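Both of the next two complexes hold subunit A, though its partner changes from subunit B to subunit C.
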Partner chain A sequence: MRLEKLPVSRIRYAGIVDFDGLYRMMHQWFLDRSYYLEEQSWKYKIPTPLGKHMEIEWDAWKKVTEYALYRIHVYFYLMDVKEIEVVRDGKKEKRLKLKMNLEISSQVEMEYQNRVTTPLQKVLDDVLYKTLLRRDMDIFWTDHLWYIVFKLHTEIKKFLGMETTADPYRAVW
Partner chain B sequence: MVPYIPHTIEAARYRVKHLDYFHMRNLYFMMHEWFIEEGWATRVDYDFGEKFYLHREHAKRGDEIWFWWRLTKGAPGQSGPNPFYEWHLDLDCHVVLLTEVEVVHEGEKFKANYGEPEIKVRAYILVDPKGTWQKKIILKDMYDVFTKRVWKAELQSQRIQLYREAYRLQEAIKTYMKLQLYLPEPEMAKWYPRKDFTDYDVKT
Partner chain C sequence: MAERTLVVDHMRLMYEGLFDVEELYAMIQEWFREKGYDKREDKNYETVTPTGKYVELVLEPWKKITDYAKFVVKIRMVMEDVKKVDIEREGLKVTVNQGKVSMIFDAWFETDYENRWESKPEFFFIRTMFDRFIFVPYTERFKARLLEDVNQLYGNIKGFLNLYRYESEAVSGPPTPTQFPKF
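Now for the complex of A and B:
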């Protein structure tokens, strides 16, 4: 299996957030794009007077062809989480006051089914990759996945109400 | 057979030592996060280069902690890491007189520590780490010409980049410990809690 890793995108946010809404929005975002999603870990750490710590990891993947697969890994680290009540449109709602570190890493995996086993197959796979598929890799798969991740990044920023939510690449892919 | 020892260029060497109330776990966590964010390590725990950890308890004079981190990173190249260079950062942390104390911050009691952490950092570059030039007869003779003449500017550039990165780590440690900084924007600017738990201000 070959891996082509893309740069990690990070969002840091300190403030009050509807974390339940963010969690559902991101989950739905992956389902809408036909990704298979697994929640690999959910860690809850003993609360301190500053609040509790939580660590969540998601692994999402999608088969693009018989040969290539997109994988997106989302890592949430929530620090100093405290539940508070806010009044919105005259109604009381629960929100979380926290510090959040969100990392989205992605990679394209080729020959993900591990069909290549013998030395001859490995040589042929190498030739296939370096001659025919290299161009697809450079200008199609990695590029495509990068813009997909960037769209998720923008959606999160929009949800959190950040100032820089404009997506200059909305017309791409 | 004599093992191959690659050519080493030291980029930075410093130590930070401070005696005060602080939070040991937060300091450890902050440095760990810094290394992950800068690409020196991954979030996979067993990949992290902590080669040694010692905790010696002493009822009267306080605990002693030693930990050694040995981290490696590919040197940046034009398209991906440059295999001719390898960046190394060795961090040795020695904490003495470590005792548990309770501090009050904004009316709430916290468990914190009192002690003297000393952090020593050495950053260096390994040139031709796998010996792809040095182990070959023809390339071996050309190695000096290339490293001292042809690639001299690139080698200097690598050294300066690593020097800056190592000092950014120092800046992060000093920000945590609330020591004097000389850059206008501190590293890890108020994101991770500092030694006195002051970090950010969220208006509720």
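Now for the complex of A and C:
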């Protein structure tokens, strides 16, 4: 299996968040795009006087072709989490006051089925990877996945109500 | 590892006054998109402080010029004490932000970013010889283009911020500072 790892993008936010809503929005985002989503870990640490600490890891993947697969890894690190009640439109709602560090990393996996076993197959796979599919990989797969991740990035920023939500690259892919 | 040549080193822009965070960010991203740069946002940090919002951004878009060379521009933006104020523009009330913006621009020219010419000592030697003696006219031209790009972006951002300074007058919210912006 060969990996093309893409750079990590990070969002750090401190404030009041509808974390349930964010969680559901991101979950639905992956399902709408036909990704298989697995929650790899959910860590809940003993609360301190400052609040709770939580770590959540998601792994989402999608087959592009028989040779290439997209994998997106999301890591939530929540610190000083406290439950609070806010009044919105006359209704009381539960929210979390927290500091959140969200990292989204992604990679394109090639020959993910590990079907190459014999030396001849390895030579042919090398030719495929280094020459015939090089252009597809550089121009199509990595670029496509990169901008898919940024669409998710923008949706998260919009949900959190951050200032920097403009996305002139939304029409790219 | 790719060879990096620093073309722009810590070029600063500081501004204090009225501006629109969303529009400023959109303007910068749109400029990069039009120039053919790929988007990269390394860090985006936002928090609310007692004196206003604090926003920290690190953008690092890149543009592949050839399969051997690419441009990388890094912008670190820190916006402090950002508050929403109402202003009057052409007789209409609009809501913009007021605060301090600091930007640091760096740009570098990267060669052999795919690390093809490092696997063997002979390749590394050939690459160094070519970079030092044969590709010099091309690399100097590329560096000049990169510098021109960064200067154009800097000028656009300055113009954008100046537009807010001279076009708008706050009608509510905190008073605008009296000192001139530092450029």
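Assume the second predicted complex is superposed on the first by the 173 of 173 C-alpha atoms of A that agree within 3 Å, B and C clash if a C-alpha of one lies under 4 Å from a C-alpha of the other, contacts with A are read in each partner's own complex, and residues count from 1 in each chain.
Criterion: a residue touches a chain if its C-beta (ideal position, glycine included) is under 8 Å from a C-beta of that chain, and two chains touch if they have at least 3 such contacts.
What you see is a predicted model, and the numbers here were worked out from it, not measured in a lab.
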Query = In this superposed model, does subunit C or subunit B come into contact with more residues of subunit A?
reply = C
Message = A:50 in the overlay: touching subunit B, subunit C, both, or neither? Say first, second, both or neither.
response = first
Request  = Look at A:131 in the shared chain and tell me whether it touches subunit B only, subunit C only, both, or neither; answer first, second, both or neither.
outcome  = neither
Task = Please work out whether A:12 is in contact with subunit B alone, subunit C alone, both, or neither, and reply first, second, both or neither.
result = both
Query = Taking the superposition as given, does A:114 touch the first partner, subunit B, the second, subunit C, both, or neither?
reply = neither
Message = Output check: A:146 vs subunit B and subunit C. Expected answer is one of first, second, both, neither. What do you get?
response = second
Message = If we overlay the two complexes on their shared chain A, which of subunit B and subunit C does A:75 touch? Say first, second, both or neither.
response = first
Message = One more residue to check, A:34. First (subunit B), second (subunit C), both or neither?
response = neither
Message = After the superposition on A, what does A:157 contact: first (subunit B), second (subunit C), both or neither?
response = second
Message = Output check: A:166 vs subunit B and subunit C. Expected answer is one of first, second, both, neither. What do you get?
response = second
Inquiry  = With the touch criterion stated at the top, can you tell me which subunit A residues are shared between the subunit B interface and the subunit C interface?
reply    = 10, 12, 14-15, 99
Ask   = So in the complex, which bits of subunit A are touching subunit B?
value = 10, 12, 14-16, 48-50, 75, 80, 84, 97, 99, 101
Task = Under the touch definition given earlier, write down the residues of subunit C that touch subunit A in their complex.
result = 21-23, 25-26, 29-30, 33, 38-48, 53, 55, 57, 79, 82, 97
Message = With touch defined as at the start, can you tell me which subunit B residues reach subunit A in the complex?
response = 33, 37, 43, 105, 108-110, 191, 193, 197, 199-200, 202, 204
Key: Footprint of subunit C on subunit A - complex, ascending   = 7, 9-15, 99, 143, 146-147, 150, 153, 157, 160, 162-169, 172
